[in-house]
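These are the structures, in structure tokens.
The following pair of complexes shares a single chain, chain A, combined with chain B in the former and chain C in the latter.
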Partner chain A sequence: MFILTVCGMGFGTSLMMLMEIQDMAKRNGFEVEGEATDLSSSKGKACDLIVAGSEIASEISSETTVIPIYNLLDKQEFENKVLPKIREYFDAL
Partner chain B sequence: MLSFITEILSTPSLTLGIITAIGLIVLRKSGSDIIKGTLKTIFGFIMLQQGSSIIVSSLVPFSQMFENAFHLVGVVAEDNAIAAAVQTVLGIETSFILLFSFLINIVLARITKWKYIFLTGHMMFSFAATMAITLDQMGIHGGKAILIGSSIQGVCCIIFPAAAQPFVRKVTGNDNVGFGFWGSSLVCAAGWAGGKLGNKEHSSEDINVPKKLDFLKEMSILMGIVMMVIYILTSFFVDKDVMAELTGGQNSITFSVIQASTFVVGILVLLQGVRMFLGELIPAFKGISEKIVPGAKPALDIPILYSFAPTATTIGFLCAVIGGLGATLISTMLPTVVLPSVIGLFFMGGGAGVIGNSIGGRRGAIIGGLLLGFLFQLIVALAYPIIGLEGYGIQGLWFASTDAIIVVVLMRLVGLLFGISI
Partner chain C sequence: MLPITEQEIQLNVSVNTPEEAIAYTGSLLVAANKITQNYVDAMIDNFHTIGPYFVIAPHIAIPHARPENGVLEQCMSLVRLKEPIAFGHPHNDKVSLVIAIGGVDTDFHLEMLRDLSIFLSNQTTLNTIMTCSHASDITKLL
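For the complex of A and B:
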């Protein structure tokens, strides 16, 4: 599964989000791949899911599901919002 | 054979690639992950260097324009561009200071009660380069520079996050994450001062910011607009024939727009490069620190604060721009004019706004932002004479990170005691 994380500023919060998601996936027995990008670079990248900081999630128009994250530090938020999507993806395989 | 090894170690892209590879091997990653990670680190680093040359080449005509127009030196505060630009001469020192300061950070976190692991990659990199530059200016190179630079950086990785933590706790409501940002001292101080003058009852989050301003959240757009305005305005004051020579006959407005855009493109390429090379290095570092330091607290980049008070972030940024412009105007009376550094004002202003709001509501955010913008630019203007970057072929750029500037000034003062003149 390929997850794209996006931050507006471009300096690395998307990387933090990606690391958090990958750690969480691993704890639950899943291996996910991904890339951390900023808003401009995110357009046109093929992926299965997009996870973005809430402040720019609205700026992303894509056919792929976009999940906004309000609190980057809240592991619970990632578990509530992203984990179900990961499970869905692997169940469908 | 020895010269081959030395050559590899003298090429920062390859050295960092090796460091990443070692980190990934230690973490028992798969063979394909190790190859991917290593190559991405190398590509990312070279991309960063390319971005840097684009930035520097677009700033050269601008410095000439500014000099001719106002008879002053115009400077933009941007650490990453400086760091990238000196890699050809200080790449080794930078790479090893980056590595050893991280190791010293881990050791200090392990043996003291301050468990902060500084993980904001691009800042680890730019601080290492700043150490290398400062020591180089003081006549210290090679192994000695690496030793001194890593020690100073390693200690700073603990001290600054520790100092900022009370404010982070107040904003985030928890103590699991720290603030790893070379500007944290000013952001916290400005936020605190603004907060003291504010009213906690009126939170900034109760205000609605018009959606139409949302496009400004995309940094490249914001920077593009600001730089174009600066370039075009400056071009109006340049002698006609000097202008004609710079543009090669092109219309000065078209020229300005293209040059300003080229600058932004350079930043975008550089950032993409940074993201790529750090995208492999930082997870490796994080993995290693977690194994060695129980209870490690990652000290992370400033955007962690934004989601706790998004409106305060915007208010803080807008006020920082106003404060910054004030400092720019004052700096016109000094030999060096510090032009509005959009990146710094955005990130730091936003942070000061959030902290200001947590202590003193919307007024806290506003005053915090104003103070931040003003002081941030002013400090750059005042500290500028301490380090000269022309020797590295850099024009029109200077350091932005307030904490790094404070450390550099202290280093220079200590140097005076040892007879190293400024």
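For the complex of A and C:
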């Protein structure tokens, strides 16, 4: 599974989100690949899921599901929103 | 371990705008010779062009730019505002804690972001940051 995390510059909040997601996936026995990127470079990148801060998420138009994160420090929010999508992906394999 | 000392922490700072908040927080790192003024200007430009997405959690903003904008050393500074300021974030306004971060490369930066994330996710730590009266109360937590 390949997850794209998106922020304004690809060098701060997107890295934080990717770390959180990969740590969480690992804790739950999943191996997730990903890339942190900025909004403009995110366009057209192939991936299985996009995760972005709430403020940026609304600006992303993609056929891939975009999950908005409101509080990047809230592990529970990642578990509630992102973990089910990871499970779904691996269950379907 | 987060790269921050008492010199890079200021409590109860009065500002009127997000730009002033970012500029003040950045100025602590310029004074410590860890970023250039150009990096401060880039953080403010990014706020203008990309928006307040760096308000990562309720009341917490982490303004930053890219290494090539003028980071001399992996660094961060922390400013607690006297009066919270609206950055225009739909969910996490108003901001009372501004943490400027500068990364020299992705590896160092990842390590700092991980530590920062752990630091700020701890509710006891956050309460101390929001209420303490001396910068040393914060450095003691590191």
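Here is the rule we use: the second predicted complex is superposed on the first by the 90 of 93 C-alpha atoms of A that agree within 3 Å, B and C clash if a C-alpha of one lies under 4 Å from a C-alpha of the other, contacts with A are read in each partner's own complex, and residues count from 1 in each chain.
By our rule, a contact is a pair of C-beta atoms (placed from the backbone, for glycine too) under 8 Å apart; a residue touches a chain by one contact, two chains touch by 3 or more.
What you see is a predicted model, and the numbers here were worked out from it, not measured in a lab.
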item	value
Side-by-side fit of chain B and chain C on chain A, or clash	clash
Contacts of A:20 with chain B and chain C, given as first, second, both or neither	second
Contact breadth on chain A, by residue count: chain C or chain B	B
Touched partner set for A:73, first chain B, second chain C, both or neither	both
Partner chain in contact with A:41 - chain B first, chain C second, else both or neither	first
When the two complexes are fitted on chain A, the stretch of chain B hitting chain C, from 134-142, 188-196 or 224-232	188-196
Shared chain A surface residues [contacts with chain B and with chain C]	7-9, 11-13, 15-16, 19, 39, 53-56, 70-73
List of chain B residues in touch with chain A within their complex	120-122, 172, 174, 176-177, 214, 217-220, 268, 271-272, 274-275, 278-279, 282-283, 286, 300-301, 303-304, 306-308, 310, 313, 346-347
Interfacial residue positions of chain A with respect to chain B in the complex	7-16, 19, 35-41, 53-56, 58-59, 69-73
Chain C contact footprint on chain A (complex, rising order)	7-9, 11-13, 15-16, 19-20, 39, 53-56, 70-75
Chain C to chain A touching residues, read off their complex	46, 50-58, 60, 62, 64-67, 89-92, 101, 103, 106, 109-110, 113-114, 117, 120-121
